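Okay, so chain A shows up in both of these, paired with chain B first and chain C after.
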Partner chain A sequence: MAFIKNQTPEPINQEERKHERDCPNLLAQLSDPNPTARRWAARDLINCPQSAVPLVERLKIEPDVSVREVILTTLTRMGDPDCVAGLVACLNSEDAALRNEALEAMKQLPDEVAPIMRTLLADPKSDVRIFAVNILESLRHPEVESWLIEVIENDQHVNVCGTSVDLLGEVGTEASRKPLERLKERFKDEPYIQFAADLALRRIYEN
Partner chain B sequence: MKRILIVDDAATVRMYHRKILVDAGYAVEEAVNGIEALEKAIQTTFDLFVVDVNMPLLNGYGFLCELRKQDVPQSPAIMVSTEAADSDRTLAYQAGANDYLIKPVKPKQLLTHVRLLLGEVRE
Partner chain C sequence: MKTDVSKSKIITAEDFEKFREYFYRKTGICFEPTKRYFVDKRLIDRIEATGNHDFRSYFTMLRFEPSGEEMQHLTNLMTVNETYFLREEYQFQCLVDSILPEITAAKTDRKPIRIWCIPSSSGEEPYSIAMYLLELWGGINSWDVEIISSDIDTGILQKARIGRYSARSIQHVSPNWLNKYFTRIGDEYQICDDLRNSVEFTRVNLSESADTRLYRNFDVIFCRNLLIYFDDLSRKEAAESFYDALKPGGCICLGHSESMSRISSLYKVRKFPEAIVYQKPLEAR
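The block that comes next holds the complex of A and B.
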């Protein structure tokens, strides 16, 4: 007797795309109640120029962690000025998780972020300036040390300077020595600055 | 000897807090993000946590939320942050922090809060 294979239907893939993949549809699906549809839309919007702004707007309100991750991946892969501007806007958010996510995404965009670094380091909000210094950590740009020196010479905020000193301990050269000594003098009542600057100076001396 | 876990992604901050706490006679361990901290907190009993807010992988809020769900001794936690807004302070307490200090923390200030939470001095 011939073996007759049981004709069971193909399992339905829950992740299957259910809509057209053109840009207007994908943008509409970013608001779909189903997170799977939103995740697919966020992923496929990589091929749609000018979708950075709606992606960032969705990121600000998206409750599903996996959709947020895909939006951030798409934004970092696109990496255009709108993406960077949107991520910078997220640094100002009240949502700590969003700020962290934007920060980590910007670390993946060294070439795109470098041109706006001076602007970020001069932002009126100290939190944004601290985030900018954190981004410098992974930027590996030739100007990193001179930007940090500028910060510790001019910034009035102790935590902005403290964060910069941490990084100067890793990337600083002889050029940072005098600025670090001047910083110690400027914040002589701040034990953390004294500790961090001494550590950075010791590392520079050892190198 | 009381054991304290310092959770911060900034090496210099960890070293600074470590020096203050070790000089005061505490045993100190370190973690560089919330995930590492959670692993250590599950494996080892700590008497206190000193936790930064902004860290990669799992931030301080996330770490405390997860820690408070675990079946481990629920030791007190001090959250230490550069962010002074009331909303950040509220988030910290909602996540399970017992205290909130603004960076940079002075040695005497940190030790006062540590000793209070460890019940070594009266408020």
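The block that comes next holds the complex of A and C.
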């Protein structure tokens, strides 16, 4: 036996690439029974600007983890308002995996998520507001601290404020000091808020 | 007059940002602001070499030149090709002692073992693999092996095909192997034709799905010290391309400072005695 050279790349299985690669066919392949065909379609749809909505719809029901990952990567790479809206909708899902996947994808889109961050932080559901704070954790955006300050100044939900305080302990500056003190006043009877706010204040002081 | 010309060839922060964004989109390679000197110097060289007057005219040419020749030329200059024979050798040991025995034991056909090295750089890695297989893997007597080595830099691929190396490059090769596989020519070392003919070198842009979709059914992929130059999203895209390139049960070896677990959840972590590698699950499709 020996080393061999194959001058042409391994031929792609024709059965899996049975359709043309134009946008309507790629969209149709998102429902193909074969996960490889669905994964390849999800990747190639990056070149089809109108595909965010069907990609999100597929994401909601897609059972194969490798297809889900590629759909999320394509949505993140596209990053248009439809993608962001679709990801936001996933934050309301009952499916914890889908919520986390959407959250991770949104962390990669600081400029696209920034315009809707205030809306997310004002969502009627406290869970969604907590997710929004979780997104801020890794969102590289200059407004992160001021959004967190708005939360601890205004939000009535202890868990939303608690999550925000935890993050302010990492990113907070002198600008957070007074709001943190006011938060302690607002939640006088909440030991966790007292503890977390003191910790954040200490870190700000040390920095 | 001279001052005017050199002034016009200064790369401003805005130019750098524009170029950085474009180059990232095309190649997945992300230059941090700390790389300004490295990037600026090469851009200015190319502005001069192509007869352009300033960044603006050069950038227009770069973007709209139908042949893409200048983009390739610039890519060749912007990529780092520092490597040497038997670098991170423990992974080659893992290949012959753990990965290949497992893969061949599970094989149900007699198709060749397929190995993909990306980035190829000047060929030290694929040739190291070929030597390791010949010297330290008994299976080479029973199995055909294909080694395909790819890089975005066409200049470095040509160098790899020629196979001539400096003393620094071969410093970890034992005298025995050196004697067997190389011929000394002045201060340099020429790799033998048998090894040169054992590796197929191809040009691939890992960030271009039209390129990577042609690469399928690999048993092992070596992608070492490349993803460190990518940002998070490009790394994830690369991991997904490798997933499609591997056969179920196939393995990927990354550089010692890189971890697939931080990039993608698609792979299974395999802790072999010699190294940690990442495996496409056997049940995957």
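The rule is short, and it goes like this: the second predicted complex is superposed on the first by the 191 of 207 C-alpha atoms of A that agree within 3 Å, B and C clash if a C-alpha of one lies under 4 Å from a C-alpha of the other, contacts with A are read in each partner's own complex, and residues count from 1 in each chain.
Here is the rule we use: a residue touches a chain if its C-beta (ideal position, glycine included) is under 8 Å from a C-beta of that chain, and two chains touch if they have at least 3 such contacts.
Only a predicted model underlies this, so the values are computations on that prediction, with no experimental measurement involved.
Asks: Name the contact category of A:199: first (chain B only), second (chain C only), both, or neither.
Replies: Touch status of A:199: first partner only.
Asks: Determine, under the contact definition given at the top, whether A:48 touches first (chain B), second (chain C), both, or neither.
Replies: So A:48 meets neither chain B nor chain C here.
Asks: What is the contact status of A:108 with respect to chain B (first) and chain C (second): first, second, both, or neither?
Replies: second
Asks: Should A:35 be classified as contacting the first partner (chain B), the second (chain C), both, or neither?
Replies: After superposing on A, A:35 lies in contact with chain C but is clear of chain B.
Asks: Check whether A:76 is in contact with chain B, with chain C, with both or with neither, and answer first, second, both or neither.
Replies: Touch status of A:76: second partner only.
Asks: If you stack the two complexes on chain A, which partner ends up touching A:65: first (chain B), second (chain C), both, or neither?
Replies: In the superposition, A:65 touches chain C alone.
Asks: Under the contact rule defined above, give the chain A residues that sit at the interface with chain B and also at the interface with chain C.
Replies: On chain A, the chain B and chain C contacts do not overlap at all.
Asks: For a test of understanding, state which residues of chain C touch chain A in their complex under the given definition.
Replies: The contact residues of chain C facing chain A are 112, 114, 130, 140-148, 197-200, 202, 209, 213-217, 232-233, 236-237, 240, 243-244, 264-266, 284-285.
Asks: Can you list the residues on chain B that touch chain A in the complex?
Replies: Within the complex, chain B contacts chain A at residues 10-13, 15-16, 19, 53-56, 59, 61-62, 82-83, 85, 87-88, 91, 103-107.
Asks: Mind listing the chain A positions that touch chain C in their complex?
Replies: 1-7, 9-10, 12-13, 34-36, 39-40, 43-44, 46, 65-66, 69-70, 73, 76-77, 108
Asks: Where on chain A does chain B make contact in their complex?
Replies: My answer: residues 94, 96-97, 99-100, 103-104, 126-127, 130, 134, 158-159, 162-163, 165-166, 169, 190-193, 195-196, 199.
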